[in-house]
Every structure is written in structure tokens, then in C-alpha cells.
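Shared between the two complexes below is chain A, which has chain B as its partner in the first and chain C in the second.
== the complex of A and B ==
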């Protein structure tokens, strides 16, 4: 891997993170009203004298440091955010924003990464098979079905699955991540329980993503099938499955990996909503609570975490990309 | 003028040969006329809260039943569907106009302008749209459908900009553009008169994609409770239904209709953008 390629990608990553921090900093300041006043008002309207309220107020005052020059405020905000100091949460008080998020992150990562990996792999193989002239007719007829599936957003699919399999037939639990989260152990029963809870959310993400990846792969595969090296491979008498995997699919995978990097942001947005639909205790659920209690720092924290997670994944993908296709570095 | 008419003629000729396009046009015609036709038959006053008896299952009097807020669900759909469409079309339109402009500038001028625009576009594409929309919507607290559309339009220009740029890059090298350059046409006129007409089919295809994306983003904000609280859009109806536990209470007639209409809408828009892609890129047509 050349240094300039890696540096460019890392530069891009830094730019994305800074953009996210900057938006978090600027947008509330452009909105009418004083953020400190709004927060104070909210704390008072809750009526309860929260322990350490003075601490929070001091924290907000320092954070917004309203008498300081704007550039100094910005610098401090960037510094704090880069140190994962995201302020106090109102709805999860006395937890801080970052610790509420760190608790939720493993659930989101496990669900999002597993489901996306399954959708991507399965979708790519299916798409390749649809384009492959020697596939059975049944497989080739799947294209329209996948097209319709890829058009339906994650969230709507989640609602439909939730109704059919949890409310109506009661095959799966209505939501949550486990029957009792405090009693989670590494036992067999516990594992089954967690999988049963994750099944429907994961299925929504897989089904909604499957069509997208299959259609992309089908397009890439059709392009590859016209190439001379495939004709040569056939003329050499290579076995069909070898041509399929090692010659056709391998080359058609390259654009798929690029579009994975591009689509990840949308995928993450979609899966956050799936979590909301299933009350899954990940970032999406934290977000829903934050919105319901107008917990502004927590909302900002969720936005930042979402951007950061996707940016890290995209960076890893892009750094791995030259290993698959050396031409990309140019 | 001729260059504008030609793709339009090709489009018309193509409609007959594409089942995807026929299906999508029919579906969209149905959905777009649902509001105006529906309001001729349904009393839209019943979409107001506390206008009917609450929690009634479908009956002859209320074809789709009533919700917990005392609204007739059919009336809510008749009022809400056009609002959702309005938001999507408005946001898509703003996004596509901005995207086409950036794509033209970036593709035609190349150099530093292109590098900056492309870098910003690519960066914005990798950011989860929800993250930015959340921060903006949570501090602005959009109250109207139009306001929502403007917020969503902030994130609807990247895909159009990318597609148009790619197209302009290849158009730029064609002899007729070179000719226009040599004959001393200003850059502005080359972009407006020579390039713009040729990217219109593609721009229209990405407009459909942008509308679909905008409705998706709008729905996301709405089901999270960041939508217009007083307008019964499709997304807001789902939000209220979930908030009042319509699922657990078996009130399928409350959450079902908006979900169904949205699903049909997304399928129609997807089919249309797939069909238009085939018009804009004839190479795709021969293969499939």
C-alpha cells in the first residue's frame, strides 16, 4: 500500500470526524434561544432537585463558556469531544453521555455488523448467480423479488416482521435484547435467548439489504461476463464453478466493496431505526429515549457516535481495498 | 431546443416498452391523486383529533377504523399522503437543482473546483444522513412540512452531484462541446445550452431517487418524533400509532394503512428510477 493513498484516506477520516464535531458545535448556536437556559428550564420543570445539579450547570456553563470568544469555545469543544467528554445526560443522569453510549454500542455493533455481513455475502452470491447464465431458472427469476425487497426501507420491513412474527404468530419476542438483561450469562440458554431476541431485527436488516447487494452484484457480474479472460478460461476447459468463483465473481466483487463503503452510512441510519422498532438496547434505543426527554447532549452524542462508527468502518474498508485490487491506489 | 425534444421523444417511445415504467407511473398516479380524489369522498374534517369515537375497528361508517386520538384513519390517509409527497418532491427538487449545478461546475471546470466539490460530496456521502438530520431537526424542531423538506434537502444533493459530474466528464470531451469552446462560447453558455440539455434525462432519474431518499429521511425523523406534530403525515401517523402501542393493542388498522402506502410509494419510486436509469444509460437496457 502506498503512503499517499493511506494518508489520503486517513485525511478523509479526520475530515469526516471534524465535520461531525463542527456541525454539532454550530447548529445549536444557530438555533434561536440560549442552550443553557433551555437545559436549566428543563431541569426545573422536572421538579425534582437532582443531586449535583450545580455540577451539571457548572458543566454546561463551562462547556458553552458564553463569555469566551467563539474560536476558543470551538477549540474547547473539539478538545473535549476528541477526549470522549460529551457532557452529562439528562435522561440517564448521573451517567455521562459517553458512558450511556458505550453501554449501548456493543449491541449496535454486533447487530449491525453481523446483519450487514450476512446481507452482503448472501446478496453478492445471489446477485452473481442471477447474472450467471448457467444458473437454474428459479434463481434467475429471483431478480424482480429482490428488486421489490430492496425498495422497502429497513424500518417498514421491521414493522411488518414485528407484526407477523411477534404480535400475530408469537414465534419471536416483541423486543428487547434478552428476557432479563441483568441475568445474562455465558450459558447455552442465555445465548439462545439473545439470538432469539436479535433474530427479527437482524432479519429486517438482512432482507432489506439483500436486494441492494444482489442488484449491485448482478450489474457488476454482467460487466465481467463480457470479458475476454472468461472466454479464455472456458476455452481452457476450466470447471464451471472455478470460473464462477475465481474468475467472474472475484473480479465483480471489487465494485461491491466500494459500494459497501459508500452505503454503510445509510445502512447504519436504517439499522438505528430498526433498533427503535424492536426496543433493541443499542444506540437507536438510547436515541429514542434522548429524543423523548429532549436530552440534547445525548442526541449530539448519538450523532457523533454514529458518524464515528461508520467513519472507522469505512476507513478500515478503504485501507483493505488495495489488498483486493492494487489498481485502486492510483 | 432540438436537443431537449429528442430525449423527451425517446422517453415517450420507451414508456411503451418498459413494464417497470408503466407499473410505476400507474402506482404514482394512484398515490398522487389519492389526496384530491379521496377528499371528494371522505370528510377530511375527520382527520382532526377528537372528531370521532376513539379506537373503533373498521366498519361501514369508518372504513379504516379510528385511532386513539379520535381521528378517522381513512381521512388521515387522505390528508396525510399528499403532505408526505409534498415534502419528498420539494426536498428532492431543491436537492437535485443544487446537485446538478455542482455536478456541472465540477465536471466542466475540473481542476481545483472539481477536487474540492468531489471531496466534499464523497465526505458527505459516508456520513450517516440520520446523524446530521437529527442534530439539525432536534435544534430547529421543524414545525411545518416545508421546513422539514428544506432540512432534508441539505442532504439530498450528493448523489445527483456525483451522477451529473460523471456524465459531464464524458460529455466534455465530445466534439460538439470542443466546437462550442473553439467558437468562443462563454463557459456559462456552454454549460447552460450544450451540457444541461444532455444531462436532463439523468437529472430526472436522480430526481426520482432524491425524492425517494427524502421521503425515507422524512419518515425516519417522523417516527423518531421529530416531525411536524400538527400535520398527520404518513410517518407521523406511524409515530402516534407506536406511541399509543397500537401493535400490542392489535389495532392493525391504525399502523397498517400508512405502512402500506409508504411501501407502495417506495416500490413505485424505485421502479421508476430503475426504468429511467435504463433510458439515461441505454447500455443497461440491452443487457437485462
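== the complex of A and C ==
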């Protein structure tokens, strides 16, 4: 891999993150009014008495520098964001946004990364086997089943699983990430507990993703199977498993990895609904609550974090891509 | 001539499409001695590539081998199955593919693709021995050993085809099939690649079947030339005899349609089209285009009969004239 390629990818990453920060800065400022007034109005509308409302607004505007020139505000905002100072959450006050997010982030990352990794790996292998002519008939007939599976949205699958395994048969807990959050330790029982709680949310993400990855792989595999180098591999008298892995699957994986980079954003946003359905204390759940309570700073924070996570993942994939496809920039 | 290394007897391949059957190769018989080079020419769809693929058992459905035997090294290729077939391929019969551009795995270094073939067959070879062999093969086809470290997309078309040739001879098979080995290359590179192919083939003493369209290139490269038409081998002869005294009317027409440098004459083609394989004319398939067709030609398909040493023709007219002269 050449340095210029890596530098260009990193430059792209910085540009994307910067753009996200900028949009994050501009959009709320295009809304009428200001945050302090909005909070006061909320209080007033609930029938609470606030004395000297105008003074308070002016006071806060000065304190948060909202009367400063816009460029100065922007510079300060970028500076703060880069230091992960995302301001105070309104609904969790006096907790800061970044600490609310850091509490939720590990849950989401663990759930999403595991579920996506499982769906991607299983789906790719399954799709490759469906397209492989030597596979048993039973495997080759799985394509329609997967098509149905890929057509069901995440949240619907989540509700079905919830009903069957948590409400009806009670095999798994209804929601949450652990039986009691405070008693979380690295003991065996605690680990099992966490896995039991994560199982259904993960399963719904895996099942909904499985069809997508398997069908994508099947398509890529069928293309590769028609290539001349596969005929030659067979003519060479290579062992079937060698042809399957090193010649067919290896090449069919390339478009899959590209889709993975594209799908990461969808996976991140799609999991919001799953987390809500399972009451899972991740970023999606935080976002849901922030939206309900119009907690602008928190919404901004979540948006920034989602963009940052996806951008980091895409950067890592792009840096890894030349290693799996030598035709990309060496 | 020594005992034949390849003996193909009555090989027939057909494509079953819907309920219709197209005979892509019908009743093909020929022999090949060790070190001999046989060229096979014919129009597109005449069954050349079908024959090549069937000899390696690489045909894919809807193609089906209906009948016939192909004996190579004491084994009937058509009877091999599973692991036996896998072991037989490449160690006894190898292929220089038609599309050299896309015949190499794009994500694997050249060295590995050559080593792969050795590892699949000679299991007792050490890694060092395999690497030495790979190095030697690359040098033999005129490539720098450094090429081994490259990926296919870093090579030119001619280099890729040389890699394919190195690959084809790495296990020293008894038979190499080259399916239009130069069709994607320019004329200058064509000559060089064919010369390389001939050199390595002679070094290992393998028989070579070369499939192609280019009669001129064939004339310089092969010992014998066979002509296919509508799935049948209609003519086979040593290359000198073939060009000096062609027997089959189709061969005569092919040769007379070649442009000549010595005299300026209008180019003549062969009027008409090759018939559809689904709807062959009765009798000899060539009779609608044949200038010397007789009633007999419209009624029965002529059998392929020997007409001399290393020669054979499937034609009623040739048969009759030979009978008369005897």
C-alpha cells in the first residue's frame, strides 16, 4: 500500500468528519429562536413561573457566547467538539452529552459489531454455498427463504422475536442489557446474563442482515463462477475446496466488502429501532429519548458520534481494501 | 509414426436445449502421436471448443457427452470420475485457455498460481523444490523470475499468455490443448507466443492440439491440420498435403479463399452459411454449400474414412474418386 493512498483516505476521513461537524453546527442555528428561550418557553408552557425571563435569556446568551460573531462561535464549536466537549444534555442535566454517549456507546458497539460480523460472515458463506454447483440441493434451495428474510424490516423481526421468545415462551428477557446494571461484573454469571439480554436484539439484526449478505454473495459468486480463471482452476485439477475458497469465494468477497462499507451507515441507523424495541441502553435508545424530549445537544452529539463511528469503520475498510484486492492502488 | 498417445474414438457431444438436441460434436475419431502438433480449424460454432472442453471433461450443462472414448496414457478420459478425474487433469492433459486475459486469478500472485498446480498433484514436493520449479518454468517461457511476484493485472496480454503456457507445461503432461491461444494478441506477439508454446511443447515431448481460425498461423505451427464443420471432423491431413492437395471440397474452398501476396485476385468466400445445429440438412451437412454435391450427398451422411497416411476425409465425392483411381 502506498503512502499517498493511505494519506488520501485519511484526508477524506478528516473532510467527512469536518463536514459532519459543520452541518451539525449550522442546522440548529437555522432554527428560529435560541435554546435558552426554547427551554424557558417549555417551562412556561408547563405553567411554571419564571421571573425575569428576558434577563435570563440575555444572561445565557452572553454566557454561551451566542452574541459573538458566527465565525468565532463556529471556531469555538469545532474546538470543543474535537476535544469531545459536546455540551450539557438538557434531559439528563447536569450530565454532559459526551458522558451520556460514552455510557451508551459500548452497548451499541458490542451489539452492532458482533451482530454485523456474524450476519456478514454467515451470510457470505451461505450465499457462496447457494451458488456453488456442488452444494447439496437443500442448500441451493435456500435462496427464496433468504429473499423473504431480507424483505422483513429489522423492527418487525424484533417484534416477532420478542413475542415468540420473550412474551410467549419466556426463553429470553423482555428488554434491557442486564438484569441489574449496577451489579455488572466480569463474573461468569454476569457475562451469561449480558449475552442472554443481547441475544434477541442481535438475532433480529443477524436475521434481517443475513438475507442481504447471502443474496449479495450469491450474485457475486455466480458472476465469478462464469469467469475463465475458474474454468482454468478446474482444469488444473485443484481440489474442490481450494477452488471454492481461494478462487471463487476470495474473488466474490470483494464486492461484499464494498457493500459492507456502504451498509455500515444503514446498520447503525437501523439498529436504533431494534434498541428501542428491546429497551436496549445503546446510542439508538439515547437518540430516541433525546428526540422525544427535544434535547438538541444530545441529538447533535448522537449524530456526531454516528458519523464518527461509520467514518472510522469506512476508513479502516478502505485502508484494508488494497490488501484484499491488489488491483486497488498499490 | 510411433504408437498414438491420444486415441479419440467416436466422440459425440450434444447440447440439450429444451427438448431440442444440438449435436455440437458428432462421431469424432482421430489419433495423435507423442510430440505431434494437430491444428483444428473451423467456423465459429463448428464444435472446435466443444471438442477441446470435452477432452478435458470441462463441458458444462447443457452440454453432454453422448458416446465415445478418448484414450490417453492408457486411460479412457470419458470414464474418469471424481478424484480420479481431478488427478488426471493437468498431470496428463493441460490447457492453454482461450481468454488468457481473464484466465488467471486476479487476487493471487503468479508464483502462487503455478505452485497451486504442483501442490494439487505432486504432494511430496517440498516448498523449496516447488519454488525452484516455478522459477524454472517462468524462465523457460521467456519471463523474468520477478514476474512470479506480480499480480495478473500488472502483466501485459502477451506476458499473461506466457504465464498460461508455463502453467500448461509445469507438470509435463502428455497432451496440451491450446484453445485459440493467440486470439486476443496482436500479430507480432502472436508469433512469439506460438514459438514459445512450440518450444516448451517440444522440450517436454507432449502432443499438442491447437485450435484456431488463422490458417496461415496454423500452416506454420502444426504437423497435421483437421477441419471441423457443423460438429463433424470432415477432413484431416498432414499440413503439407492439406495445402498442396486438399481433398474435401470445404478444405479446397477454405484454401482458395485465403488472400495471396503473389497474385492480385478478388477475394472469394464460401457462399452460404453454416447450418443451425438444431436444423441440419439431411445427408452431408455441407451439401447446400458444396459445388460438387451429388444426389448421394443429399441422402446419406458420409462416413469418415482414411484416405492415406495420417489422412482422413468424410466426403462421398472424394471417396468415389479415390475408388476409381484405385
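Following the convention adopted for this analysis, the second predicted complex is superposed on the first by the 304 of 330 C-alpha atoms of A that agree within 3 Å, B and C clash if a C-alpha of one lies under 4 Å from a C-alpha of the other, contacts with A are read in each partner's own complex, and residues count from 1 in each chain.
In the analysis below, a residue touches a chain if its C-beta (ideal position, glycine included) is under 8 Å from a C-beta of that chain, and two chains touch if they have at least 3 such contacts.
This one's a predicted model, so the numbers in the text were calculated from it and none came from an experiment.
With both complexes brought onto chain A, simultaneous placement of chain B and chain C is permitted, the two fitting side by side without a clash.
Touch criterion not met for A:10: it reaches neither chain B nor chain C. In the superposed model, A:302 lies in contact with chain B only, and not with chain C. In the superposition on chain A, A:102 contacts neither chain B nor chain C.
Annotation for chain A, partner touching more residues between chain B and chain C: B. In the superposed model, A:232 makes contact with chain C only, not with chain B. With chain A as the common frame, chain A serves as the apex of an angle whose CA-centre rays point to chain B and chain C; its value is 80 degrees, to a multiple of 10. Once the two complexes are laid over each other on the shared chain, residue contacts for A:195 go to neither chain B nor chain C. Of the two partner chains placed around the shared chain by superposition, neither chain B nor chain C is touched by A:164. Closest CA pair between chain B and chain C after superposition: 13 Å apart. In the superposition on chain A, the residues of chain A contacted by chain B and by chain C do not overlap at all. Remark: chain A residues 227-229, 231-240, 242, 246-247, 250-251, 254, 324-327 touch chain C in the complex.
For chain C in complex with chain A, the residues that touch the partner chain are 56, 58, 86-91, 94-95, 97-99, 101-108, 116-117, 120-121, 151, 153, 164, 167.
Taken together, the chain B residues at the contact with chain A in this complex read 119, 122-123, 125-132, 134-136, 138-140, 216, 219-220, 223-226, 238, 242, 247-248, 250, 252, 255, 259, 262-263, 266-267, 269-271, 274, 284, 287. Chain A contributes residues 12, 15-16, 19-20, 23-24, 27-28, 30-31, 147-148, 150-153, 155-156, 159-160, 162-163, 167, 174, 219, 222, 261-262, 264-266, 268-269, 272-273, 276-277, 287-288, 291-292, 294, 296, 299-300, 302-304, 306-307, 310-311, 314 to its touches with chain B in the complex.
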